[in-house]
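Order of writing sets the labels: A, B, C, D and E. Residues in every chain begin at 1.
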């Protein structure tokens, strides 16, 4: 029983952790740019594939964890400049549909370049096998990934809380006009936010790659889950996204363990219920903290 | 009367169409062309394709009632098509396989019955939250359809639909197993729905929906109970989607949870945007373009997604008002954003 | 003395810790133009928002024809006869002038649920729409889309919309804002005229307009009423001048 | 230093500023006096680039900055204190200050410590969230934030709004001292002429549609208080 | 007027896009395989096998063979609409391929309308026995057959015989069918199953950790899975990572996909199960020569490891081609009649289509995945053949 409890708790944390990174990324983009990025799941898949390729050409997993998000970030920059910038003054529905198209393009490109087969990211020797925690045991690599998730979240907190860019981002999600009137290039901040969000999607992809394996449409379900997280947490609220992500991670894992059949229905019901009580999500709209 | 006609607004394309004979002539011509199509086009593949376009056109039109006329975004309108399809199918399989009309009525009414409480919850939030709630509820319906194996057949879908005769006032017209018969039946239902929706949109109720789309706050400050009318708009849209679902299962003889998926929903949204919001015929063109493009591209190349995606991106960037916005490009004034 | 239509009792509204409207007691009387003035941030618009239901009150009551309407829904208040315009023009931009007014009239006269008849078939609605448009002088522009109207005409159109529900009380929030002098003259004439039929509550910065057409003025400062009276009384009220332009309590500064 | 030449600014369709020209010299403290709704704030926003004029020229030290993004205009040495303060609610006092640090491009040596020296209350509350401050504290924070950029020109919009007279007096005297000590050019917008008198030496009187009704020196107002009341009559 | 033109233009454009390209000269065969989605690898292998058969056969009725491949995306609705396109627009005379029972059953439901023979090569549900005169199963073993193979295999292997099995299947008709068949047979033969109600995982499941926890909790030391082939190595990998495979042995209702097995590396070792083909058959007397020849040519043509999906699709296509030659016409009823009772001696021996139920009977193998010895196909992991079952042992008996 102890072993199962340990399994469930750690699994929930791993799943919730991936949701955290995805949800926070979506919310940073939304909070700064008022863009709900439907291509976020595709970027996540892209991150996983770049991670796979880095390992495949001889790099190790940690190098992949470093390089893949950077490549996805650069791609994010291109996307922002070429596609999102012209849409700034348009209604949000257009960016929704535009990023939906982008999702298809990225999905297609993944298939074009990497083929359709499932890929496995090979992990370093020490990450294989299990570690025993009392009477329970748990895969080493999952623990490493959990630590990786924690490190990413910590780095993000440092970035947003302690750096000039982080302060600018938080301010720009509140009163962009005043940020600009304080002498900060607010467009630059918004673009950085977009790129950061994309990098987070890429990071989540590399982290999730060894967990769920790498395959072309891996981003689809993750996108929906990220949506659920963002909506429950409150649009644009980073803290809300973290709370919601962990909550969904636990609810989903528990529901899958105990009832299997309608696990996701429980998750959606929870979302509907929360929204009926708090239409703006747990932490309301537009809070960027 | 003519005086009033003159005073009537001329600002919007649909109003002009609605006011003039042009649209009705176009509609009549289209209906005639579509009606003779199965007899001049021997290739049944096209007939099936056009049939599918008509069904999805109806679905897209119903979404447009919501999006283009009421200003509410539904990410997963296809879920209501699915509800209609499942309700019709289950009714015919388990309860009464005899009448196609009763089954359609059941499909539509059931869809609306489900949509009522959902809509009631949704209209309390408004705006983006409304849209995101449509996603939540849509995914819920999808999951139920997918997981309730014993009732819905789960991933395998609902199969074994009986094929009763299509009758009218006791008169047997044809078998619903016949694809030409189903095609003409679809066309007839479509025409009824189109005229009905057109009538509603141009009725006093339609004016209220438009007012809500244009300016929700002002609408409430002229005494409109905004929530109530949003709910009415939602119910109308869901009812039409349910009807589309009923025809869908009759046409396809099968339905599965796939038609209710989130990404299919985005496809319907794309049809509306392709065709142009706020015109009743635009969604049909959008549906035609989307379905034909998707079908053809997926036959020509395995990388069809790239092209579909690229077309969508280009459309949004350069032709945001959809095909319905094309006339503006020909006008002297540029069709720029307002 | 005309009859009192609407009163507020210790009406308050707080944002965070700031009291934007603080214990305001107001009496709106029939067939009069009453103006609410005060410096920026005095709480004028907030007051109107609370009375018309756009914002909830934090305290106090709104009584309309002796009924407590403090927590009624907006559309109920409109149906009862409370109408308003907004500081930032709020009309149906995508619709024609005609349709803008027609929808408001329709909502008032009923028929919104007649889904199978054409819009022009509501005869009485059309007649009334025509009458209103003629009255405000927009009939010639009936077919024009509202977003293509000049700014001044848009503001007048909003007044026309708000007239459709046969209001007993009409709140006008800076109707002359952004208008040319000629337009301002026209609109103030219209408001004065309306004031002979119904209770008009006017929030306006243009003091010329206020002084010319108001029967009664209420001055707000920092959320509270600091003066009320006829235009003449207000013009000579020292406290009002101080609120606007700085009073004696600023004296320590004047020798800097 | 600042020179507006016939600018026209719109707010949506509303033509708020019509052909406005004015000038502020280096080191000068100038106010624009006028009732609410005449376009004073829009004038400020036109200068800083938040509502760029459609016509005319906005010269900062001789450079026409019309159409520049606000942050580039700020880099020329401007700082803006809006009437609403616009304190970032979820940033702490210190973070609000850091945000603007060094952005103005002037050669001042403003630092957190120096701001806290001038406004000790901010130092005490450096970790508090921006919106937890009282109105007066928010005003000081807004001014402190403006100073952090080492500006050479400060645009101050209605410092009196929503503050009690005592607080206004305090704020006014601090700002006046600061500007004269540090050689900061001040452009002030007010409807309360006593504050304007306290802080500026020269005053533009603005009437409806941003139309300038005249230009007076403080001395003239002190000598003839009715002047203001005549021109800007309530 | 303009709008009328636009509508007309749009309709014309739509129709123009849909106009077929070429007139029919070759014999056209519609190939339905999944090329996107989680079973895309399997789909590719199936397409390869059918393509190879067409290349081997070269002509039909003296006309060239043209394969028209469509992607079903493993969605029944998509498959049906693609089938309509293949038949109505492309004039295919027969349909072949199809992965997944759900897709196969949906297509079977519509086959009368389409009026062409449909040879499924990768559908395992037992519902296909005698389903429709136009519907055939020629390929993958059916669930009742794999159940026999697996249970017999378990009984014959001492390490497997005493274990308690946890049954985990994909949540759709094949999975349910496979589980029921296995459990019923296991019960009859005395193999222990800990969860007779069996556990069902959604097809989309990527994260198997919860299921692994449940298996751990159940106290089982054996696992019987009926998961879509491409997913098996993925499941194995995660089961390994959780240390589950230290205590458990895995029996699979379907053979793992070759590419995925290769991608999974050593994680994919230890999958036990019955299948129709494995390239290791080339080391077995009686099959040696034919298997070796087929393997070598397949590897040369597609640069891919020869596998069961390709082999039984090849055999299915050969059956169809032989029947068309035998029928001497492309008439659907005549082809269907010819398929019934047809037999073909291919890479895994002689197979024949039972005329009584339209389903194939063939020999099968019991395999286990192990590290591969040096081999010409570059495989590092392979399905080692432990035992060969003659068709008769697997059943069901063919009644006419």
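Assume contacts are C-beta pairs under 8 Å (C-beta built on N, C-alpha and C of every residue); 3 or more make two chains touch, one makes a residue touch a chain.
In this text the structure is predicted, and so the values were computed from the model without any measurement.
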Minimum number of chain-to-chain touching steps separating chain B from chain E: 1
Touching chain C and also chain D, the following chains: none
Most widely separated chain from chain B, with each centre as the mean of CA atoms: D
Of all other chains, the one whose Cα centre sits farthest from chain C: E
Length of the line joining the C-alpha centres of chain A and chain C, rounded to whole Å: 49
Centre-to-centre distance between chain C and chain B (centres being mean Cα positions), rounded to whole Å: 42
Between chain A and chain E, centroid-to-centroid distance (C-alpha), Å: 36
Residues of chain B engaged with two or more neighbouring chains: 147, 302
Residues of chain A whose C-beta touches two or more other chains: 111, 261
Touching pairs among all chains present in the structure: A-B, A-D, A-E, B-C, B-E, C-D
Residue ranges of chain D touching chain A (in the complex, touch as defined): 48-50, 69-72, 74-75, 80, 82, 86, 88-91, 95-96, 98-100, 103-105, 145, 149
List of chain B residues in touch with chain E within their complex: 13, 17, 22-23, 25-26, 29-30, 33, 43-46, 48-49, 52-53, 146-147, 149, 153-157, 159-160, 177, 179, 252-256, 258-259, 281, 285, 288-289, 292-293, 295-296, 298-299, 302, 323, 326-327, 330
Contacting residues of chain B [partner chain C, same complex]: 1, 4-12, 199-200, 202-208, 210-211, 213-215, 217-226, 229, 338
Interface residues, chain A side, partner chain B - complex: 36, 38, 83, 86-87, 89-90, 92-94, 97-98, 100-109, 111-112, 220, 224, 227-228, 231, 235, 261-262, 264-265, 268-269, 271-272, 275-276, 279-280
Chain B contact footprint on chain E (complex, rising order): 1-4, 6-7, 10-11, 13-15, 17-18, 20, 35-36, 70-71, 75-78, 80-81, 84-85, 87-89, 101-102, 105-106, 109-110, 113, 171-173, 176, 200, 202-203
